[in-house]
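Same chain, two partners: chain A is paired with chain B first, then with chain C.
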Partner chain A sequence: MSLVVDLFMVLLILTSAVWTVLARDRRDAVIAFIVLGLQLSLVWMRLMAVDVALTEAAVGGGATGLVLLRACARLQPVEAEGRLPGLRAQIAAGLLCAGVGVALAAVILAPAAPAPSLAPAVAAHMDEVGLKNPVTVVLLAYRALDTLLEKVVLVLGLIGVWALAPDLFWGGRPASLRAASPSGTLTFLARVLPPVGVLIGVYLVWNGADHPGGTFQGGTVLAAMWLLVMMAGLGELPETRALRLRRLVAVGPALFIAVGLAGFWMADGFLSYPPEYAKPIIVAVEVALALSIAVILGLMVAGPAAKEPER
Partner chain B sequence: MAEFLFAAAAIVLVLTGLALVRMLWGPSPADRMMAAQLLGTGGGAIAILVAIASGMTAVLDIALTLALLAAFAAVALTLGEPGSKRRGGGE
Partner chain C sequence: MSLLLDLFTIVAVSSGLFFFLAGTVGFLRFPDTLTRLHALTKADNLGLGLIVLGLLPRCPDLVSALKLVAIWALVQLGGATASQLIAEFARRGGGR
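== the complex of A and B ==
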């Protein structure tokens, strides 16, 4: 019985994946990609990887779709005059992607036996950190350096997006996110959903210490609610030069680095926590990171400044 | 009871799977987006059924996230409506 269900899920995913590649219209491809993200989150749920399923639902189902749809909207005028790449380039790109796919499949289907795993070591030392969610323990205690770099990369990405603004507009507001034809339904949704969504976002961040959830999932949900308000025209995007905004962007990584440096005299070295304070420190870092992630993701979707800064 | 809930989840999965026909057929992007919407709703239902059947309450959070963000993705579709003058730049 469960094998039949699993095979059906595989069939659904293959259909969406193939359609994502084959769809002629770019927007159809993006929608198929969103569907694929939602299906993948069900698969992760089936595999009992609740943290991954949450991330996939938040990032794959919601945030990525918005980013890609916005990119489509921006590309439309360019696309009209441009031409498709030649047949040879298309075949080359297809072969390259297929090669990468086959190589990945080969690595995953033929693992070393027994597969190398640090899971028992993590499980044995969980108590020392004081958190109950093993994923958060790995992300913020054992592999904190990777997580720190990942957040710094987000800031760099935002700087990259902002750098696309012409000199004249530097520090101004990004292009309006408002829908082309604001409808009553959208305004209604933007009034009803954010209170619930912000609550769920905060809950996911807070919950991340002991149960599946965490900064990225919570931050993504918060960013989505912020963007929803902008899209319905109920709120204005802030100017990118606003100091308060920039502080919010930097607060997460800055606090993380400060905590890391404090580890030199409070514990054994960079990014190590004194055992008795490990949990409060990690939760504080998580809260600051979630704020930064929410603001950074929102600003990335909004794009570079497109208006002159007001005097 | 758990068996029954798992079976119900499987049936919901099959029914939402049929939404894929709409995604492939179209014809308009809004029609295709409806498939994603149905999958968001159905995915939430599956998550709730599985959460209760398996006793893993954390799975309920997936249902919350799916329900919240599937609606959000539909709004995103309004961004790129063909014929909109605001596309990508300025007021």
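== the complex of A and C ==
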């Protein structure tokens, strides 16, 4: 019975994936991609990987989908002018994508036997960190360097987005997210939902120590609430040069690096924690990271500055 | 007692699934955007509501039961708002 369900899921996912690639209209492709993300999160649930499922739904489906939809809107005037990449560039892009796909398929379809696993080692040493969610233990204790670099990449990504702004606008506000004529329904949602949404975001971050959840999932929910308020026109986007905003962007990675350096004299080396303080340190880093992720994701959706900074 | 609860769960979840099926059929068969939205809201409200209702006796404690009800309420809010927004968009002539 469960095989039927699994096969059906595989069929659905393949359909969405093919639809994503073949859709003629760019916006249709993005919508198919969002659907694909939600279906993938269902598969992760069936594999009992709740943390991955939450991340896939929040980031893969939600946040990435929103960024891509904004990109579509920005590309519309370009498309109208008929400035599309040439045939040669299209073929090159297709070949590169196919190459990456084939390489990934080769790695997944021909795994080393037995598949290498560090899961027993992690399970054996869980108590030393003092958290109950093995995923958080791996992300913030055993593979903390990977997690740190992941967050630094996010900051670099935001700098990349900001760098698209013309010199004249550098430091100014991004283009307003507010709809031309904000609907009463949207305004209503933007007034009612954020208190609940912020609570859920904080809950996901706080819960991440012992149960599925964590910085990325919680941060994405917080970012969504911020964006909702902007879209309804209840708040305006801040100027990208605002010092407070930039501090929020940097606080997570900065605290993570500071904790890592402190490991040199408080524990065994970079990013290692003294065992008796491991849990409070990890929770503090997670809170700061969630704040930074929320602000970075919100700003990525907002895009580069599109107005001159006010004097 | 547990047999009664099992029966209750089976009946409620099955009715919920029926509304999801009906909503999907309506979504595929109804002629225009507004009626299709109408079909979908049945799946959101009644379908999910009945499934949550059927799962309530399965909850190990009160907190998980409240979480299920909260999920239903949030889906209600999200679904209702999204339908309103799509309907407004369609009425302004944006739909197909």
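Everything below uses one rule, namely that the second predicted complex is superposed on the first by the 295 of 311 C-alpha atoms of A that agree within 3 Å, B and C clash if a C-alpha of one lies under 4 Å from a C-alpha of the other, contacts with A are read in each partner's own complex, and residues count from 1 in each chain.
Here is the rule we go by: a residue touches a chain if its C-beta (ideal position, glycine included) is under 8 Å from a C-beta of that chain, and two chains touch if they have at least 3 such contacts.
All figures in this text were calculated on a predicted structure; none of them were measured in a lab.
A.B. asks: Of the two partners chain B and chain C, indicate the one touching more residues belonging to chain A.
C.D. replies: If we count touched residues of chain A for both partners, the winner is B.
A.B. asks: In the overlaid three-chain picture, which partner chain does A:136 touch, first (chain B) or second (chain C), both, or neither?
C.D. replies: neither
A.B. asks: Looking at the overlay, what does A:57 touch: chain B (first), chain C (second), both, or neither?
C.D. replies: The first partner, chain B, only.
A.B. asks: Of the partners chain B and chain C, which touch A:5 in the superposed model: first, second, both, neither?
C.D. replies: Touch status of A:5: first partner only.
A.B. asks: For A:196, decide between first (touching chain B), second (touching chain C), both and neither.
C.D. replies: both
A.B. asks: With the two complexes superposed on chain A, say which partner A:188 touches: chain B (first), chain C (second), both, or neither.
C.D. replies: The second partner, chain C, only.
A.B. asks: Enumerate the residues of chain A that count as touching chain B in its complex and touching chain C in the other.
C.D. replies: Shared contact residues on chain A: 186, 189, 193, 196.
A.B. asks: Residue numbers of chain A touching chain B in their complex, please.
C.D. replies: That would be residues 1, 5, 8-9, 11-12, 15-16, 19, 25, 27-28, 31-32, 34-35, 38-39, 41-42, 45, 48, 50, 53-54, 57-58, 61-63, 65-66, 69-70, 72-74, 76-77, 175-181, 186, 189, 193, 196-197, 200, 204, 207, 211-213, 217, 220-221, 224, 227-228, 231-232, 306-307 of chain A.
A.B. asks: Within the complex, which stretch of chain B touches chain A?
C.D. replies: Residues 10, 13-14, 17, 20, 23-24, 26, 29, 32-33, 35-36, 39-40, 43, 46-47, 50, 56, 58-59, 61-62, 64-66, 68-73, 75-91 of chain B touch chain A in their complex.
A.B. asks: Enumerate the contact residues on chain C facing chain A in the complex.
C.D. replies: Residues 74, 77-78, 81, 84-85, 88.
A.B. asks: Can you list the chain A residues touching chain C in their complex?
C.D. replies: Residue list for chain A touching chain C: 183, 185-186, 188-189, 192-193, 196.
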